[in-house]
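Two complexes come next, and they have one chain in common, chain A, joined by chain B in the first and chain C in the second.
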Partner chain A sequence: MKNSAEKPSSIVVAAFPALGRYVSKGGWLCFLAGFVGALFLGWYVFPKLLYSSQPQPFNFSHKVHLEEADDPEDVESCLNCHAFRDDGTFVGIPRLDKCKECHEDPESPLGDSDDEATFLTNYMAEKKEVPWLSYSRQPDCVYFSHAAHVKMGEIECKTCHGPHGGSEVLPLYRENRISGYPIGIWGERISGLKTNTWDRMKMDDCAECHTEKGHEENNACFVCHK
Partner chain B sequence: MKKEHDQGKYKYGMVIDLDKCTGCGTCMVACAAENNVSVRPDESDKQRSISWMQVYKADNGKEFPEAETVYFPRPCMHCEQDGRGGHAPSCVSVCVATATTLDKNTGIVSQIYTRCIGCRYCQAACPYKARYFNWWDAYFPVDKGLERYLSPEVSPRMRGVIEKCSFCHHRLMRARTKAYADGRRKIKENEYITACAEACPAQAITFGDLNNPKHKVAQLIKSKNAFRILERLNTKPKVYYLSSRDWVRKIADNPVDEFSPISG
Partner chain C sequence: MGVTRRNFVKFAIGGVAGLHLTPLPYKLMDDIAIWTQNWPWVPVPPEGEFLSVKSVCGLCPGGCGIQVRKVDERAVKIEGRTDYPVNPGGICPSGMGGLQLLYDRDLRHTGPMKRVGPRGSGDFMEITWDEAIKTVAERIASLRKNAKTEALVSVDGNSKGSTLSLMIERLTKAAGSPNYVRMPSLEDTYEMGNLLMMGNNGPMAYDLENSDYVLSFGSGLLEGWGGPGRIMNAWAVLREKASKGGATVVQIESRASNTASKSDKWIAARPGTDAALALGIAHVIIRDNLYDQQFVSNYTSGFEKFKTMVLGQYSPEKIVDITGVGKEAIKAMADGFARAKAPVAIYGKGKGTLNGSLFEFMSVQALNALKGNINKPGGIIISDPLPLATLPAISPDGVAERGILTPRFDQAGTNKYPFAVSLINNLIDVINHSDKSPVDTLLVFSANPAFTLPDSGEVNRALKKIPFIVSFSPFRDETSFMADLVLPDHSYLEKTDDIVRPNGLQYQLYGLTRPVVKPVYNTRSAGDTIINIAKAVDTKTASSFPWKDYESVLKIRAKGLFDSGGGLVRYKGAEPAWKWKTASDGPDYKSFGDMWKKIKTDGLWYRKLMPSAIDSGIFKTASNRFEFFISQLELAVKDYPTAAPGGNRLKELGITVEGDAAFMPHYEGNHHHDEQLPLTMAPYEMVNLASGWAPSPPFAYKTIFDDQLLGSDSFAIINPGTASEFRIKQGDYIIIQSKACAVKARASLSHGAMPGVVYMPLGFGHTAYDEFIREKGVNPNLLIPPGKDPLSGHPVWWTTPVKIMKG
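On to the complex of A and B.
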């Protein structure tokens, strides 16, 4: 004990003179290694473990389907497939009937990728719905009206969902193992920082936008909770 | 550019005509089905069963031929104040978790199950016994087909939280969404009514905006027969009752000779 007390770390002594008596150079290094290790575990390993990842049933290219659109990020382009029903409710991920409008004939020359072959033989031919995994499904207790935001609020799809009208590959679906929510809800970054409006879909993000646009009244609990 | 928003001027309320009510209980069943209200294996245990809409029976205590009965359907009253000078109903002011609030734009008292911590202060504070506590997780008998009737518009409640009538708030959101899709900001009178009002075979329940003089409810509450239960508490409930019978108004703790007619 006497030896360690004689060689205090100069940094620690400078910062906390009173600690110098207790922390040796070796002890300081041990603390630093442990601290960095804990940060690594908490900020890198834990998020990896927290989220499971699984591929979609087969790949879907938004780019191919929007090739003829002038602007693949335009709301009208998205609405072709991600449509509204007559009562204002939102279809979300289109069902087989929508795909059928173009893909009904299995012999039709609409492309020759393996994914399309999977789709035509395993799903379209058997009239089976594709079990897509939704990246944006909110928890059961949340109510969200797409009509209010897209039709009345005139908000673009990418404001919340990000630009992916030109994407060629579907990303892996990652689900929180504890809550069962997709990673898009709480965001990719465990730090909670966000740079884009579509980085996160938490309650505070909804409220932030409502407030910014001058609709504080829509922060009432029952507007989004059900 | 800030657009004019069609909010902040609604006060949704209900008028129940007790002279029409037959006590059949359809409103209770319609409400439970609409709002995914869980059932107990033994539903006859009324100390523990949950009923957002509850029908109470009362009589005038006389023998035949003067004997008369009245049924009081009781949803959440969606009070406007606690009656002691506060600007929130008593259930809201006692909530430690801000799980229940009075929305000034609609007049509806919300209950957020995921926020509720289950302290049951609100249940104790409610003078109308409109709040129910979930002692168990939601239960829907398997293999009996009940789970197929669950509504995706109302989230099921978990063990340890309070639940209560929401004036079918999801129906308001449904009506608004429909209006937005049609390019309207306003919803029409008949577009948003509660499940109990829709189901009542005697059409005793009327629902609408108390602030809109064109709505039927706003006209009905001006009747001299209109009253509210426990009006002397001054909680300003938004559920009004109609009865032409004096003794009915009297047992609702609102004798006409003691209190002036409802002003709204």
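On to the complex of A and C.
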């Protein structure tokens, strides 16, 4: 009895007599084990299980392709390849035709990396589109116009896509096993918290920016969900 | 401490409490919500580059400009083009659903096939193109070897004058057969009527947009008449004018159709009495001296005889009895029509694709002549055919020469049917009345006679008797199910083909479809297949087809447009193409090469209307005038011997009236009166249901109301008064019986129906295609018995005596 007074359970009983019947020997440890286990599961195991990883067909260095650009993060630099079509629609990931402009001749490759060799022999020579995996693919129910944001809104590419003009290696592509969308939409952090504007691409992030820029009217449902 | 039940519960509670402090439940909820949007059966557009390709619709001869939205190679949407003169931005429901007719493999033949099941079953086995072409070529070669080339018959549903039509006719003739048979159409009625009255069988159109009084004899302007894309636009132009008091549309139709309900005036005349009503209106116009006396005296002949007949036999009192239209209404129409600046009386029932009664058309045309509104803004426009280059003549050998001179099976152009060019109903009769079919090999192009012709049962009986049928249809239609061999054509979205002068368009226009997508299935353009077959038959037949491919034939013909000078290949839209020009346009191209390049991308060449003097020779009759009294008909009666000595030549032509009236537009009367069949079945057409050769896209069936089609039952519309005589209530099953057949449908009661008339929609009752089209409702063509329109010999569609009973 003497020792029991030091047990946490006795303190609880002392403080909340009504809880006495729930407190038993070793009870707190079990609760704690479950609690900590759940935290571990939710914060560490769950994100590992939720996302699958897939390699891109081969590595692509933005840095190499933007070597001659003054500012690799400048909108104009990006637009060289991630261009707008004549009708204002956005190309997204460039297609083979674009690559061809510089890589046309498979006999005289411009560089000598293994990745480039893969590209030239497996895709360019075969006239096959590279099956790039997109890091920013939004659900089909979302209407999004790059022209409205980049041209009219004068938003920089990196605001949403992050600065990757100087990157040498493509990040690992990770896809949500349930929704099928890339990790970049929810964000790398499972908490959903962000430090940079480009950390997340969920609806709330769109709305946050609209509000900040004084375009609250664009938070109406029908603007994006047509 | 040990694992007790109590400790386990604590562990679990700890776990649950902990989980709520992790993102797991919230994230899962979000992901599951998104997962539900991505079930594999939820249709989503493919990913890829968005493209937009301009072309021209080829589903009907309306010739609407279309813009096809593509994601990479996949076409995802068809829209109307705003940079095309025919249909500024508009498109009909079938045109919108055209992608289903491109991709749906249940609707299309996916490659060359030979039949393995019984006829009509639709069981085919895929074969190679080489084998398919060889089989047809050998069949034709063997007819040529045995000097039986006339047993080769082609049935063609393409527009008259289209390059594909010329190729089909050419193949038939080059092989040595005179039996090139066209499907009946309203164009035939126009052509024969205009040839008789004006000596001119050039394309005819109504300048609706510029008219201020449209007197429509049953034309379903809002039911898909003419080119729906153009007519919807013309209707908007007319309505806008009407809102300022500047235009009137009068619809003469026994049923409250969409057109009737939206017109300024709806006149419900009894079905089949339009000729009498037109002549009744003519009576008032002549009696009150409201006609254009200058035109009538300068440019017409036989007016006195016409006047005597109309004043004597078509008094409003008499017309009231025949048509059921009141005297005041007749007078009001006569006044309205005659006092308008640019009135036009238009003819062509329903969608304006099926032929009508020749005398009825001529009676309506007489009204136009009384006002002299021929080749004037807002009137009827008779023009020259498109100046396309002609192809070199065929070079038949002895076998072919013999064959071509044998009489046609359908007797078109003989003294029995002197004015008809093709009579497929006669061809069917001939086959059904012979022990052995005189037709050995039947080639069917862009036509579905087993479904679209009257008395479909007889058509099928004839098809069954023909030893060998080859279908070139891209669609799994009823006629192709009867075929032994299918050499499927591309869909209109996969090939280059011309549209020569869209139906009813008043100005000259040449449209060119282009391959919007790569061929989805193993099909080939019918034009190319014809060239390949000819080359495989023998060298003599091949010599009439010296071209590499069909596109080079199209190009050769289009050169004629260039040589004619002028014309425009780009449409800006600021100035509608139907506005008449005072000076000639264009050209907006530099050379033929430049013109052809532009036509291939924009699919367009057109020339606006220019005023021309009437006396520039549009009337090419014997009198060089518009003839109220038709001299050519008089000649046909006088000059040709009767079939039997002493027979009545007029009766042989199907004309029952006597005296001068027989040679003038007149009302033939109702000869179908039969006490056993007291009601009249009148078929009608709907804008959202295709009733011709090409099927409706299954999407369109979703737009059909529950009182038009419910499950597999279609509805016949009956007036509640008539229904109560037969104790029929809304939705009851009824049997509708004619001389030809009895069918089952359900009753839909409506005050918009004339008492005594049963209205049935055309387009239902397919037995081929897929589950969304097959066995949906009943085809009214089954009920229509074989009948012949007087003088023309064409089928009679619009009034069938029937009886009904509860089913």
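To be clear about the criterion, the second predicted complex is superposed on the first by the 200 of 226 C-alpha atoms of A that agree within 3 Å, B and C clash if a C-alpha of one lies under 4 Å from a C-alpha of the other, contacts with A are read in each partner's own complex, and residues count from 1 in each chain.
Here is the rule we go by: a contact is a pair of C-beta atoms (placed from the backbone, for glycine too) under 8 Å apart; a residue touches a chain by one contact, two chains touch by 3 or more.
Please read all numbers here as calculations on a predicted model, not as lab measurements.
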Chain B versus chain C as contact partner of A:39, first or second or both or neither: second
Touched partner set for A:127, first chain B, second chain C, both or neither: neither
Chain B versus chain C as contact partner of A:48, first or second or both or neither: neither
Which superposed partner A:29 touches (first chain B, second chain C, both, neither): second
Partner chain in contact with A:141 - chain B first, chain C second, else both or neither: both
Dominant contact partner of chain A by residue count, chain C or chain B: C
Contacts of A:191 with chain B and chain C, given as first, second, both or neither: second
Contacts of A:88 with chain B and chain C, given as first, second, both or neither: first
Contacts of A:225 with chain B and chain C, given as first, second, both or neither: first
Touching both chain C and chain B, counted on chain A across the two superposed complexes: 87, 89, 139-141
Chain A residues within the chain C interface of the complex: 24-39, 41-43, 46, 50, 85, 87, 89, 91, 95, 137, 139-141, 176, 178-181, 186, 190-192
Contacting residues of chain B [partner chain A, same complex]: 2, 5, 7-8, 101, 103, 105-106, 108, 110, 112-115, 153-156, 166, 169-170, 173-174, 176-183, 185
Residues of chain C defined as touching chain A within the complex: 1-2, 4, 6-8, 10-19, 21-24, 26-28, 30-32, 34-35, 37-38, 44-45, 47, 49-50, 52
Residues of chain A that touch chain B when the two form their complex: 84, 86-89, 139-141, 143, 145, 147-148, 151-152, 213-215, 217-218, 220-223, 225-226
